[in-house]
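The data blocks that follow each hold one structure.
Here chain A shows up in two complexes: once beside chain B, once beside chain C.
Coming up: the complex of A and B.
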């Protein structure tokens, strides 16, 4: 059996709000395997982005982190800023939701792509710019030479996200974290960007952590899925298994929100809202919105063991 | 580029025209009689009449205005009512002093204001930040003449580093700079306060932007984040502030020149006011307005320099 590239163990994230520590992420555990796409899916405000950012300890100082993020024999969360700088952009890279604001408006595309190469690979700027040209080819941006000298405002949204991907891939990282990389793009561009990421992953021995709230994206690209609700991973497993036999009431409810050709059920939204981190319910955080709430639900359920695991008192061990 | 500058200058002609019309009228409706001011109380009635006739002061205002515009159109600022010398010459002889004072003040404002603004932003709410913010508040609330006098007392009289009277004696470049430092510093202190505040808030804004997070995710170290990724963007609002307060600076330069007894537009303005030298005053106002116009133009050119999204057209 291959061993995981990264192990996230009992990761918790708290923010101080009005002098009270609020746990936004409540001890999540998952592995990232080599050469796979792991999708983290959940509604808005479930803690997907902050989970993703803690994988390279990118959160502001105001966040308090607990647990471990094990990678390459080290615990990312206990590394110093200097050591993190060496890993960021070289072994773990990240691309963000908003291609419009994520690129520096006053620096050329070429400089922004070349920067990680200069920072991590010891290249000079001219050598790095040549490599940047190849990266633009890799992300299928035509006219690469011309684009190098352009500024972000001269590119379209889809083009900018490709530039972000080129920046992310520059140093051939082992893990690429993509936080809703296609949410801000229109549908046809979305599909192109996702296809590009998939192709690159296959070519380059890369693991992708894809954050999304779009189950269509999950169905397209995921190998494995982790479903997050209000700071907990409530269900995780191989994509086919999650789609075919969703177990957690939240996962089932999520799946009922998307139209499917083979749907045996009617389309319906999930009632209620994700609780704010200041007012998290005790025990299972989904209980107040759950139709199958039991008397045990005031205690936090643990994920069951196995490849497809679920944290719900109303379910036995499904394996 | 050149055509852009030309277009910009042309487009300011209506504004300049408005300004000089207002100046022309205001000088003439203000109390005081140039003939009396120049010839003195003891001058005979004939002498006064002859003077007024010679200077065209007996003509209706509209005729005077027409003559003034005719002169201007031929590129002449006219001759001084007092000395009879061309106004352009006397303005040109003092203009460099005011310009060097203004640019010296801007220079101090930038080299002191920008770094402490950045430091304040980096250590936001730390003791250094509080210290700089209090000092800048003091700098803003002190009248310019007071800081000037304090600087003289302290640096010139107590420590004897700089001269009390900053009139260049014509001893070459170093003498010129030496006599400039203290007045420029005193005028620059207001700029330091303004620039520091705008640099601080611009840096704070920029440091929260998504592209700074991107740069961190690339592994860029803190220094590079601040001096390369953030500062370049923060310069855009800083340029605005510098351009905006340049006008204020020219106004304050008048006071500074008088306190330090420096030649310059300020002293000339006061002298011409006292003598009711209409023509010289008009010339001075035109030159001052022109300076503001040029500064605005320079500001826009600076925008294009620091922000690739700005296109000059």
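Coming up: the complex of A and C.
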């Protein structure tokens, strides 16, 4: 078995709201293996994005971080800003949700792809521009030479997201974090971008951490899945196993909200709302919305050991 | 995006764009040409000037226009036209140097204040407010009076008086820009704060700032004229426009032209810069762009 590229251990993130520390992410643990796609899924507001940001320690200073993010023999969370700048963009890169606003409107596409190369790889601008051209070919943008000199507003949404991917890949990172990369795109473009990411992952042998709330995306691209709810990872495992035998009541409920072509069942919404960060329930945070709530649920359950693990008192082998 | 852009993503060349702008805004084009002519006249003053600006001809003092002295002579019989050309050199040099200095420093301060926020923002902006609280001329006067009247101090005085305006203009958009996703994306690429401020935020506000710079350059030239007029300018006999206006004041009733011609020169410089500024403002206003 290969050793993981990145190990996230007991990661917790708190924010101060009205003079009270509120835990937005509550002791999350997962590994990122080399050359795999890990999908983090969950509803809006359950801590997916800030978990992803904290993998590069990109959160504002007002956030209090706990736990460890081990990467390449270092703990990211204990690094200084200067050391982080060396890792960001070069060994771990990130692409964002909104391709419309994630590119600088006054710099050309070429300049924006070339800049990380100049900064991290010490290339000259002309050399970096040549490399930028290759990167545009890599993300399948036709007529790359012309595109290099264009500004973001001259490109379509899908094209811009490809440019974002090219920028992210510029320095050949080991991990690419994609925060809902296809949410802002229409369905056909979405499929193209996902296929592109998958191809590039195979070609470049990098790991992708994909944040999404779209289970269709998960089924398409994921190797492994981590289901998050209100700051906890409630279930994690290989994608096939999660879809075929979802174990946690939340995962099961989540899957029942998505229509499937291969199975007929009544769609049912999950009652209630994700609890507010200021009023988290004690113990299992899903308990108030759970149909299988037991007397034990006022104590936080731990993830069970094994490849497919689940944190729920109603499921057998849990302490 | 207009349909033209999607069908034909070929960019119009910069020259073509400028030409289109020029055709749309004739007054500003006129201002630009006027300003360029003035600048060229100042640069080539030694070639154009018919007389040495310091050469006195007491026999021909306080003369009105004549073929020999195109714009007449002053109280020492020096050629007004030649003195205006040389005076323009000093006035433009002081005005433009201080505007550029104020623009660079002011924008740097404004961007740092806006980007960092918190106490850094408060300290920088309160200092700027303090400078703004005094009438600009008083600040300038104070600095020149304390440090002494010479070229460097006058540039410094004018720089300090217009610097807070640039800081304010740069700070406001910075606050908006730093929340934009591309700044977050730049941080995710490992760019340092300094790099983000200089290479990612500054290019976004340069348009607005340059427009105002052209207007404040006119203002800076006026301040230089004020300071010279009240005797705090570059030491005589070096001609500057303000000094010339003042020198003519003694004879304002019997020979008004001695003051009027240099005054007119100030007017032309300020007017041309204002016209250019208006044109630039229209050009970067997306609502007026097609």
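Criterion: the second predicted complex is superposed on the first by the 316 of 319 C-alpha atoms of A that agree within 3 Å, B and C clash if a C-alpha of one lies under 4 Å from a C-alpha of the other, contacts with A are read in each partner's own complex, and residues count from 1 in each chain.
Criterion: a contact is a pair of C-beta atoms (placed from the backbone, for glycine too) under 8 Å apart; a residue touches a chain by one contact, two chains touch by 3 or more.
All values derive from a computational prediction rather than experimental measurement.
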Joint occupancy of chain A by chain B and chain C, clash or fit: clash
Which superposed partner A:120 touches (first chain B, second chain C, both, neither): both
Which of chain B and chain C A:88 touches, first, second, both or neither: both
Which of chain B and chain C A:41 touches, first, second, both or neither: neither
First (chain B), second (chain C), both or neither touched by A:149: second
Chain B versus chain C as contact partner of A:109, first or second or both or neither: neither
Chain A positions touched by chain B in one structure and by chain C in the second: 56, 58, 84-90, 93-94, 96, 98, 101-107, 115-116, 119-120, 153, 164, 167
Touching residues on chain A, where the partner in the complex is chain B: 56, 58, 81-82, 84-90, 93-94, 96, 98, 101-107, 115-116, 119-120, 151, 153, 164, 167
For the chain B and chain A complex, residues of the former touching the latter: 209-211, 213-222, 229, 232-233, 306-309
Contact set on chain A toward chain C in their complex: 56, 58, 84-90, 93-94, 96-98, 101-107, 115-116, 119-120, 146, 149-150, 153-154, 164, 167
Complex contacts: residues of chain C adjacent to chain A: 1, 5, 9, 11, 180-182, 184-192, 195, 199-200, 203-204
